[in-house]
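Questions regarding the structure given below will be posed in turn.
Labels run A, B, C, D and E following the written order; every chain starts at residue 1.
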Amino acid sequence: MVDKNQLRIATRNTGFIDPESVESYIAVGGYQALGKCLAEMKPADVIDLMKNSGLRGRGGAGFPTGVKWGFAAKYASDTKYVVCNADEGDPGAFMDRAVLEGDPHNVLEAMAIGGYAIGGNKGTIYIRAEYPLAIARLKLAIQQAKDMGLLGDNIMGTDFSFDIELKYGAGAFVCGEETALIASMEGNRGEPYTKPPFPAEAGYWDKPTIVNNVETLANIPAIIMKGADWFSGIGTETSKGTKVFCICGKINNVGLIEVPMGTSLKTVIYDVGGGIPDGKEFKAVQTGGPSGGALTYKDLDAPIDYENLVARQSMMGSGGMIVMDEDDCMVAVAKFFLDFTMDETCGKCTPCRIGSKRIYEILDKITIGQGTEADLEKLRSLSHNIKDTALCGLGQTMPNPVLSTMRVFEDEYRAHVIDKKCPAGVCADLLEFTVVEEKCVGCTLCARVCPVNCISGKPKEVHVIDQAACIKCGACLDKCKFDAIIKQ
Amino acid sequence: MAKIKSLAELQKKRDELQAVAAKTKNEKVIVNVSLATCGIASGGKEVMEAMKQEAAALGINNVEFTMSGCMTYCFAEPTVEITLPGKEPVVFGYIKGDKAKELVSKYIKSGELVDGVIPASYERIVF
Amino acid sequence: MSNCQEKQKCESQQGFPETLFRELDAFIETLPTKEGHLITVLHKAQSLFGYLPEEIQQYVADALNLPVVQVYGVISFYTFFTQIPKGKNPIAVCMGTACFVKGANKVVDALKQQLQVEIGEVTPDGVFSIDCLRCVGACALAPVVMVGEKVYANVTADQVKDIIADFS
Amino acid sequence: MSMLTITIDGQAVEMPAGSTILAAAKKVGIDIPTLCQLDMEKQFNQQSAACRICVVEIEKRRNLAPACATSIMDGMVIKTDSQRVIEARKTVLHLMLSDHPLDCLTCEKAGACKLQDLCYQYGIEVSDYPGLRNDYPLDASNEFYTRDLNKCVACRRCVQVCTNFQSTKAIAFGDRGFTTHPVAPFDKGMSDSTCVSCGNCVSVCPVGALLSKSKEKFRSWEVSKVKTTCSYCGVGCQMNLLAKENKVVGVEPMDGASNSSLLCVKGKYGFNFINHPDRLKTPLIRKNGELVEATWDEAYGLIADKVKATKAEYGNDALAGLTSARVTNEENYLFQKLVRAGFGTNNVDHCARL
Amino acid sequence: MTNSIDELMDSGAIFITGSNTTEGHPVIGAKIRRAKAKGTKIIVAEPRKIELAADADVFLQITPGTNIALYNGMMSYIISEGLQAAEYIKERTENYDELVATLADFTPEKAAEICGVSAEDIKSAARMYAQAPKAAIVYAMGVTQHTTGTEGVMTLSNLALLCGNIGIESGGINPLRGQNNVQGACDMGGLPGTYPAYQSVANPEIKAKFEKAWGVELSDKVGLTLTEIVHKAGHGDIKVLYIMGENPMVSDPDLHHVEEALKNTEFLIVQDIFLTETAQLADVVLPAASFAEKDGTFSNTERRVQRVRKAIKPVGNCKPDWQILMDLLNKLGIEKRYASAEEVFNEITTVTPSYGGISYERLEELGSLQWPCPTPDHAGTKFLHSGKVARGLGLFKPAVYKPSAELPDADYPYIMTTGRVLYHYHTRTMTGKVDGLNKLSPASFVEINPALAEKLGVTDGEMVAVSTRRGQIEVAAKVTAKLKENVIFMPFHFAVGAANVLTNTALDPIAKIPEYKVCAASVKKI
């Protein structure tokens, strides 16, 4: 009965080995890839292998890793840096944490390989301070690897040396953007700057720097060991290998999955994810977090890869997948994401600083029933212009949740502005709780739970809700045993 | 710890470790508890402790406890993987309350399956 | 003698014990360079002092030879850093997407109502403070509430009372 | 340095590698509006590129690019006036204006305000996206200028000039998101900062957020501007004197070889002595122990007589003159000529050593 | 300055000594800090922990008056370590052997003892300066206002030559001139011994040239210096004294002596824009126009000639100085009318070789020109002594450390030094009229170290009596850790609580500069 929809490359060891034991990692072939690079390959060979494998950045944008390494290798410098971006910022994604907590040496090994390939010998892991366990296990792993001569000076007896330090994030989503991340690593406000120059040319301390995400790195030792052909044989035409997703929200099997690129959304949701709980209807899945968009039943058969998601106005992002059911209001979801980006925008460029606030305000207006059709137009045009003018990736993708939900759920938006109704029954200001006379038996339970005492009626008589005083908390609906209260 | 001086030394080390692991696998029950952040938050450490106590109480002493990171079945935390000597590993989820003791007294002691088994739905790369 | 040490001759305005300052000095000594480690030092300072009031910001600025306004600029940028003391039992509600779709905002409302303080505030008796966190990466347990180190999973609004009771 | 060829609005332009699109456009007379761009920053990648008003369309690029901070690449094809570009700029202005008071009628900056000019240029009267505005108290704690952050457009020029050029580092950016704004330490008033009142931030502020306090009210179009050299220390900063009705009412730095558009507190704000009521306005002659007003002829006559008489009675070396390190070369020249040729002595010196 | 201000930003190291640059020359101070941000090493040697000390890679808090010992200590270390520019010394200098001989037994340790700093710091400063590919020295009155001022400058010049830093871009020795046109006043012959462009009055050919140009007979006797003039006036030997735009009643040392001298002068002419302390003693006061009301040129500290332009009409009945001087020249029979400042400038260029190629027209076009600029096609000179020094070979003129003229003793136990504050300029003739500046720096003060304050029982802001052998004043105490315990500091700007009531008139024998930077003082609580 075992269905093998998943293929675990990046997460091949998590859950299997003891993350606090370097022997445990070595026993599954750990550091062999690094050893192979140092003993049998020239740096250029490593880069070629990476290029041929087709591995693309798993942090979101999908830039080919080998090409990035090639750029950094090209610039001459006494110092070059390999940075591991472990500032997992997407709310609803935790694959990086899982890998770091479950298989830290895998990431260290990959960073050293990157250092060897580009001609650098310093590595920095920029990790969220909110991940204490991952930090502790990384520190331990670095020490163990140094003690065994797998990191530090003259690795495995060669003249290649590579050291890794940790730097902590401090709660800023924008630091996932590589230029902001570099600013933050240097101890500054995490404000992005205009590229070019790209970090590969002038990054950390103005030195050539490659920034790779945890999941990207976690693939690398396997690629070195099993070859470019093996890796590029997995996935789709443009997207090779696998992708780790965190599926959560309204889904039965909440958890971490790793599937080959090109797996359909349907497989992910129904076969791997076990479908929607409580017999509810699948409505949408948000991929790419606050930078992404909503996929719907229309997209269920689409193979998941970088290009297909972008074509559907979403994006791969780091791999968060939030599943929503019929009870979720897409306007409210868009508002939730804008609330997030509005807080997280660094505030440097005008479109993002003020634009996120204005989009949020318009969405808020819509959810409280004060929106107009003109507002929908404003939303669209403002969103397009922000995408066009914002400084960094955060601002350029910030309107995506709005644009994608408007594309697919325009009806829902229109219901809010024209009918002043929230079809999913989420937006409190647009709801009305009413008593169905035929069903009410006058048990008084609803009146007793109402926190504002707006339900009146004598025992055994039909009760009435005072709409003016009702705060739409839904307590009466939950309590009524006779389905006599409806929300609409 | 002795430093590894070459790729050959590393390969030798790996082979040694694998040999030890294979031996253990044939002789002992291996209990692997998922102890990533969510596993710990769901009570993974308590599960491990309860199982140790129960094993001691029942006089079962060929059990080796290990820990690992996330087993990916977040919906079923805490999760425990048990490998009986010579058998394939089995993952049990939803280990709440007395379930931990039950795993010892039933599955480890007599190979009797309890509910909460999570089938592996993946293929895993090894090299 | 560095500026900060000179200043340390005087009493700490907030009455922080001198040993904490010495511990911070010792930590700074272990850094390979002062340059680029402002955030590192602020993490350490916050872990020692609990929060980063003006006095500590000035101390860190002097110790790293940075303008204090730069230190303030950094602190006010990152949500992890706080300039006001947290409650004895800091409550943090995860507001990641998974928690949101599972109703974390209702939990927040319940907490606010129960403790009669707003997000980012401390109860008058200093026992609790409420903050909203970006994702803590435990989405399977959504909604997640942390009180200090203790994690509560799958929290609903009606459990809030019990959680608070655990610490009262 | 290698030369690259690009096309802007259909015109081919040849520029050295490392030039910005902005510079290339300027060379062929194409005006790209700017706001946060700071002329003092010579390297394109030092520009904050925060305001996004200078965005242009580059063929084969997904997003619009800021002309001030994007270096040219060979063969680049750029459009600066497409519908897409105009719409984007208008949106940026609408957004800026949505967080800005509309008090141009009384704002001191009117007429010299970049935001006002740009809104005029793009025909924007009120913002399409009204919403919550930031609300900060006016900070008048500095002796020489006021800071009204409600008018701030977060262009960062003040922080750039204070940090990178003046190197005082009295201000930085604080907060995040919608409330991101320039701050003094702990977001208090400027008087609580290390500010040395050089006013260089005021000089570069494109809007009315930083304004010099002024005794005389004046509108930017009412003043004449004359470029001159500062009369304080030996640096020789270049500056414009702003004059209205024969009064100097303000100073603005100019880009001189020695000052590179900077001034200090004395140069920027120490000009009120010029029209001070205590200025000497007429010659004075001591009569009966008192200095009394006299005509120039009386004064000249008295001096000439006294010089001639002294020379005759005591010899030339009984006369002496102290010239001044404060006056012009021409005047120093004439003074030593007066002492040497007129008094007939070399007893001339000045306080170079003091 | 031998070099230009902007060249500092490409120096490998900048040695700042005797200059509180961020307050005295704020814009240059800002540029030095920008250089620091771009990677330039900064060495500061000052008695006070000035603002730039915080930017310094090495800060040497030397006892006032010991700078020569410091420079010699640095040089002796450089030579002992073989860090000197041997090739440069061989090809472009002379008298090196005497330097080596003079420094033979003067170790950094000895220097350290004299200067009150650590020998290690002297060594690292020396290494930093010597090992930088291009290093600049920046100094101001802190070096020159000593009885050994000239030797101080020469010793710095030795240091620069030793490391091959003269005649190269971004190197040099760079005095920062305190007043806007002090350079121009010197260039224009406002000196007793030289005509414009430093042409000697004793040289018959030069004298003949000027006699021809001006149409009068001229004296070949070197005139009196300012301090000598004041001294002679005190004895009643100067009958007519014409003071233009100066306020010796505040700026000169030992003010009681100055006041006496001016009162003793039979006929005192003062030309200024305000009725200064000096003008109040005058027999005739001539009202002059301010810089905003006239045309002309200033020459800045880097020999850069720049235009002054008229922005408003002269206030009241006052006149630009050049017009007054022209009128008086005419009255004294030297008939020449200049229609404009430009016509005066044109005359200057005919007799001043270094200005020969400068004209208003070129200044209009280029903004500025740095002399020497001998011909109209010359681009001006960015840095001096390129290729070889002006005199041919760079001359080492070694000097040994000599103590200041007045040292602390039991009665006057502290070393008093003077200087500027950011918010005032010189004698406050101008800045004293600006409300905001007066609010930021309202009155005179004396800075004392906290330990000294405690010893005296004085708290910050309390009034104290500061006295020296020449007088006593009462000022507020400013308690600050900027100073060492035995050193006190006063700004010289203020007429009330004037520091120069206290300062020493002892002069440098060569440049006749007074020793403002060191005298012995006592401080008492009132």
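The definition used in the following text is that a residue touches a chain if its C-beta (ideal position, glycine included) is under 8 Å from a C-beta of that chain, and two chains touch if they have at least 3 such contacts.
In this text, all values refer to a predicted model and were calculated from it rather than measured experimentally.
Path length between chain D and chain E in the chain contact graph, taken as the least number of steps between touching chains: 1. Chain centres were defined as the mean of their Cα atoms; on that basis the chain farthest from chain E turns out to be B.
Among all pairs of chains, D-E has the largest number of C-beta pairs in contact.
The mean-CA centres of chain B and chain E are about 82 angstrom from one another, to the nearest whole unit. Each chain gets a centre from the mean of its Cα atoms; for chain A and chain B, those two points are 30 Å apart.
For the pair chain B and chain C, the distance between mean C-alpha positions equals 36 Å. Between chain C and chain D the centroid-to-centroid distance comes to 43 Å (mean Cα coordinates, whole Å).
The set of chain A residues that touch two or more partner chains comprises 97, 131, 172, 189, 248, 254-255, 344, 346.
Looking at chain B, one finds that residues 37, 74-75 touch two or more other chains.
On the chain D side of its complex with chain E, the touching residues are 143-144, 164-168, 196-198, 213, 224, 226-238, 241, 243, 246-248, 256-260, 262-267, 269-276, 278-286, 291, 296, 299-304, 306-308, 310, 313-314, 316-354.
Residues 136-141, 144, 151, 153 of chain C are the ones touching chain B in the complex. Residues 54, 57, 67-70, 72-73, 76-79 of chain C are the ones touching chain D in the complex. On the side of chain A, the complex with chain B involves touching residues 1-9, 11-20, 23, 26-32, 35-36, 38-39, 97-99, 101-103, 131, 133-134, 144, 147-150, 156-157, 222, 225-226, 248, 252-258, 272. By the touch criterion stated above, chain A contacts chain D in their complex at residues 172, 189, 191, 193-194, 196-197, 342-351, 353-358, 361-362, 378, 381-382, 385-391, 396.
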